[in-house]
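For reference, chains read A, B, C and D in written order, and residue numbers begin at 1 within each chain.
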Amino acid sequence: MATMLEKPPTTEPWVAHSARIADIRPEVPGVFTYDLEFDDPAMAESYCFLPGQFNMLYLPGFGESAISISSDPQERGKLSHTVRIAGNVTQALARKQVGDPLGVRGPFGSDWPMESLRGHDIVIACGGIGLAPLRPAICHILNHRDDYGRVILLYGSRTPNDLLYTQEYDTWRDRHIEVEVAVDIGDANWRGHIGVVPVLFYRLRLKPQETAILSCGPEIMIRFVVFEALARKVKPENIYVSMERNMSCAMGLCGHCQLGPFFVCKDGPVFNFRQVESYFNLEDM
Amino acid sequence: MAAKPKLAVYKFASCDGCQLSLLDAEDELLAVADVVEIAYFLEARTAVQEGPYDVGLVEGSITTKHDVERIKEVRKQCRFLVTIGACATAGGIQALRNWRDVNDFISHVYAHPEYINTLKTSTPVAEHVFVDFELRGCPINKKQLVELVAALVHGRKPRVPTYSVCVECKRRDTVCVAVARGIACLGPVTQAGCGAICPSYYRECFGCYGPKENANSMSLGQHYLAAGKPSMQLVRLLRNFNGHAADFATASTALETANK
Amino acid sequence: MSAKHAPVGSFLTIGTEQLQALMDVLKAAGYRTIGPRLMDSAIVFGDLDKIEQLPVGYLDRQDGGSYRLEHDDAAGYFDHVVGPQSLKRFLYPPGETLLESVRTNGQWQMKAPTIEPKPIAVIGLRACDLHALAIQDKVLLGGPYVDPNYEARRENLFIVAVNCRRAAPTCFCHSMNAGPAVDDGFDLALTEVNRNFVVEIGTPKGAEIMFDIDWLPPARNEIDEAQAVVTNLKAEMESRERRSHGNREAPRQRYLNTSSIHDLLLENLEHHRWTEVARRCLACGNCTMVCPTCFCAAVEEVSDLSGEHVRRERAWDSCFTAEHSYMNTGTVRKSTASRYRQWLTHKLATWQDQFGTSGCVGCGRCITWCPVGIDLTEEVAAIRGSEDSAGAKEARAVLAS
Amino acid sequence: MPANRTFEVKALSRVEGEGALYVKLNGNEVEHVELNIYEPPRFFESFLRGRSIHEVPDITARICGICPVAYQMSACHALEKALGIKTSPEIRTLRRLLYCGEWIESHVLHMFLLHAPDFLGYESGISMAGDHREVVEKALRMKKIGNELLEVLGGRAIHPINVTVGGFYRAPSVSALKLMLPDLEWGLGAAHEMVDLVSTFEFPDLEVDYECVAVKHPTEYPMNEGNVASTSGLNIPPEHYEKHFEERHMPQSTALHSVKLPEGKPYLVGPLSRINLCFDQLTAEAKRAAERSRIEWPSRNNFKSIVARGIETVDAFEEAIGIIKSYHAEPAQSRVAYTPKPGSGCHATEAPRGLIWHRYRIGDDGLIAEAKIVPPTSQNQGQIESDLRAYVPKVASFDDAVATHKCEHMIRNYDPCISCSTHFLKVKIDRGEPVTTG
């Protein structure tokens, strides 16, 4: 089950910690990775997070945006966010440079249950920017490779140019993570799969009883991933999905990110499929 | 800092009130002039800088053949085109002609109809060219206008709510005039932005900001009708300054038809 | 004369003079005293100095989408019921600044403005609103994150509750177990009996305030009469409610059948009734604004033209707006049907999952202040009605077997 | 210089609305002068027909964003006459206060953002602020106070919502008005300074024998009530307006002008006319300012209307202070109730830029059957052209650009509000396209 990170109570929950952009890396068109450093060394020292959690990044004048953390949770002092430039805040972020200040509140939300999945085979099924919140999970697996069985990454994007972290795939493969990639539209050099992520399940031979699924991406993709997994007799309680809603306060106080009984910001973003299955196929939920 | 964005202010058929809002932003006017280059604004300055402009604010509706052409030119000149006010956004009060025979109007007002060169309809700018953003209101709210300018200067989305006047009304603690006084009020279907002024003066909202998103004027109209309000009163209420806006127009037409 | 100290749980009697004295004592103790006042054609909470400001002799006629005041010589000080506001306005105000940031030399200084709220004593709070207060406490104070501003205001609240002697047709506190009797969470509770007030001491703080007031021990029958007020009202609400069953002509008393309501609603998320109510619903947000428990709030960035001075402002929000569920990919709840469903299922069902209580206290404000008089009890009954139809029962039985 | 010259301003700036100027010169002889209104027609009088009485002030406000109060006031008074109702003295006073707010905001706007730049050699108030920041800032603060007065009384500055036939929807609270006093006191002082400043301007020499027309009241400086009076001795109730003033086609113009009957002469409305006719009714402070201006009143030079506006601004501030100081309780009734019934009524009030006249007929159905509105700028249009004919020979020695600018400056003496003219002005749009109807 997802666990909440123990956090010391804060008397000023709305105050962001000041930080600075330490590095900006263009990943794919419209997506950048921002490395951040806290101004306060004590904060930098004590800050930790679990795979799957997110921060509220604050650009004064523009607002806050919930962005999942994409760095290695074990690597203290390093905090990265891979951001797709889409809304008000992220567009402003795109205009920032190394050294520019911003605010950080977090970490918030539930995590991929890496501890309780020890001993399992793991299928990570994600699409587009959805790989970003799973990268810390992959890092965790690499840090504890022997704790897990077979690990398969099924990843899809629109075109080959939209695939995140391609330079890391070989490293991952070296550490026995099977990486299967599909794109909607290939190009002249593309030799891989064409199609959507759920299709990557077709050739997969799973040991369903021992397999866990971690999925993040567009809701429609997650739906089909779950469908494929269930069709292969993966236990529903071993399927985890990361959901997205309008996370605005991140503390379950503002009410915006509700999904059925859940506040996605604090009960999620990572849910066990069982928790959210009844809301999955509903229009406008 | 990069060069200041160039701003142009245009006028079509209107009362000037919306562009006046910029001059009425007394606390911010000089600050606005510091952050944007007011390159074309006939009501305020004689000097004219040549286009193209980064931002064009358009006041007024399209009512002549010449203006149909002129708005296309304006569009070409402006990278980002914003309509300000009910006239530019919904056709304005001039759009009342859209329900009547304009020749009848002309002969009623003008002794020499042959001099009058006008279209049968008054239409919003967006029916002629692509509009990047619409600022509602009759008149627009100067705070929203300053927010719009600030947003454009800093490259963000203007914070302009699309919810109902009721939200503002309740926040400011005004007792609902529809529920507590039985006044036919358009607040529940009208977009916020004015600050919910009218109900705080014990009178109905008459729709200056046009229909809110997901407006349901039909339901509201039926409710007032059932409460005994004359249908033509409701038709007139919906046909003020945003009568041509889709949701108001549909509801007023339905109420008018029901009356016949 | 006065017995001075009255222990918690004891009853005593005061007249109107002592009610004035109570206000004076509260003021002297540093409280801002607020209570029901007649303003702008309604009874709303306002600053209260003199008991003459109380709406004595006024009744509120309430029904779906309608509220009218009426003078009645027989009516007492508190024979109106609830108005458009609730305590939410004072503890969780419709707008406040959460964070202020100033940029100097490329550095942002961010700080939360500290608030030092003046203590508030509220006079005339009803059972439903006390329950609503307890619910907001759970939401804003009960979780891992506490709203510091609410907490600061809440700590300094003194409550003089009042037992209702009358119910509006929109009231259904009895079916939500939230009234009409005031049962908990007050410092003092009043029951108006023959132009006197029987006072129940709820807390040591309440006892302390009464210490300086010239009260009398109540006569035996006064306590009985006071207790009869609420038992009678409850019985009356139930009987009116029974009489109004299926009888459109009878004066209606709202009632909400709460049995298995959680599952009832969550099993009917695709019920056609949501689409039907959306034809009438204006998605205007009034129900959420007047609801004493609704807590949704938007946090907006407010910036000056230079972008160097920035505030984060919180304002009441509503799940009926498009912005409420807006993500970069668009608004999740596009249709009015889905927004109404969100509101109702949250209020009556998923609230239980989140906070272990219903989000509804049966105050009826959402019915009265809905501009078109949509009635949540009717909506639930409609869903339950079709659920309980023979066909549905049969279908469920088949599924269960 | 060539014998045949034309000065042309395709789009007049720093005026409200859209107009053009065309002057044709043959030697020193003015052949043709035309103030062309090309603002499209908006048909207010037509769509007022069939509307409810209570909607009229809301609709007529939309004629003009700069002086909506004038439109609301003339309409309310005219309709009250048609209904045979009389408002209380308290309402009358509050209406005057509302008018003070409009005069302040409109006059200060015109003086410092639109007109003063002409005298000081700037193309706009905004660029004037570069060298005279303090003056512009002070003016903006004065203007803001006028707008705030409109907001307290009218709900908002542009298109106020609190004005209705019979009075106000809600009387302003005593405390809200009293709160304005310190600002108004400051404004009074600032207005004096402004009069002193604009009095030092250099005024072109253009003395005209104006027929000045304004509302005149025996005891008050004219705003809301009085007869229509003129310097030639006319003094008539507003009901007789149409017997003495008429819109006429002038041979040198494509537009119709209001003229005074029977001689068919153009006439002048606006602040200069008001001061010329009603100097005695100015407040003490305003008279003091007028005296300090060292301008001889009555004045025949409309360039000095900027000083007249300043004096009226002093007047408006002082009046506003007086009204608020004596406002001790909200009136028991904020408006007089009425039952719609057939009838006719007309009324004239004083917009910042001059007399404005409305006439209404209420039909048997209790709705508006007929409306006629005569705004100030249309009345001034003939006089503007006449002034130009007199002024052009004086500036003909300058090159075209300077001469054109001087003509434009002269037009701005009138604070012309073209937006509001158009709903009734006969409009010809001549851009070489075929003239079409409908």
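Just so it is clear, contacts are C-beta pairs under 8 Å (C-beta built on N, C-alpha and C of every residue); 3 or more make two chains touch, one makes a residue touch a chain.
The model shown is predicted, which means the values in this text are computed figures rather than measured ones.
Q: When the mean CA coordinate of each chain is compared with the mean CA coordinate of the whole protein, which chain is closest?
A: Chain nearest the overall C-alpha centroid, as shown: B.
Q: When I count C-beta pairs in contact, which pair ends up with more: B-D or B-C?
A: Between B-D and B-C, the larger count of C-beta pairs in contact belongs to B-D.
Q: Please compute the C-alpha centroid of chain B, do the same for chain D, then give the distance between them in whole Å.
A: Each chain's C-alpha centroid was found; their separation is 25 Å.
Q: In whole angstrom, how far does the Cα centroid of chain C sit from the Cα centroid of chain D?
A: Computed from C-alpha means, the inter-chain centre distance equals 52 Å.
Q: Just the number, please: Cα centre separation of chain B and chain C in whole Å.
A: Going by mean C-alpha positions, chain B sits 37 Å from chain C.
Q: Taking the mean of the CA coordinates per chain, how far is chain A from chain B in Å?
A: That gives a centre separation of 43 Å.
Q: Note the residues in chain C that touch 2 or more other chains, in rising order.
A: As it turns out, chain C has residues touching two or more other chains at 300-301, 303, 307, 317, 335.
Q: Where in chain A do residues touch two or more of the other chains?
A: Within chain A, residues 61-62, 87 contact more than one other chain.
Q: Among the residues of chain B, which are close enough to touch at least two other chains?
A: 154, 202
Q: State which pairs of chains touch, listing all of them.
A: A-B, A-C, B-C, B-D
Q: What residues of chain B sit close enough to touch chain C in their complex?
A: Its residues touching chain C are 28, 31-32, 34-35, 146, 149-150, 153-154, 159, 161-164, 166-167, 170-176, 178-182, 185, 187-189, 202, 212-216, 219-220, 223.
Q: If we count contacts the way the header does, which residues on chain B are in touch with chain A in the complex?
A: Those residues of chain B that touch chain A are 154-157.
Q: So in the complex, the part of chain C that touches chain A is made up of which residues?
A: 98-99, 101, 103, 106-108, 110-112, 139-140, 143-148, 266, 269-270, 295-301, 303, 307, 310, 312, 317, 319, 324-329, 332-335, 337-338, 342, 345-346, 349-350, 353-354
Q: Which residues of chain A touch chain C once you look at their complex with the stated criterion?
A: Chain A residues touching chain C: 4, 7, 9-16, 18, 58, 60-64, 86-87, 90, 101-103, 244-246, 248-249, 251-256, 258, 260-261, 263, 266, 278-279, 282-285.
Q: Inside the complex, what are the residues of chain C that reach chain B?
A: Listed in rising order, the residues are 39-42, 44, 65-68, 83-85, 89, 94-95, 279-286, 289-290, 300-307, 315-318, 320-323, 335-336, 339, 368-369, 371-373.
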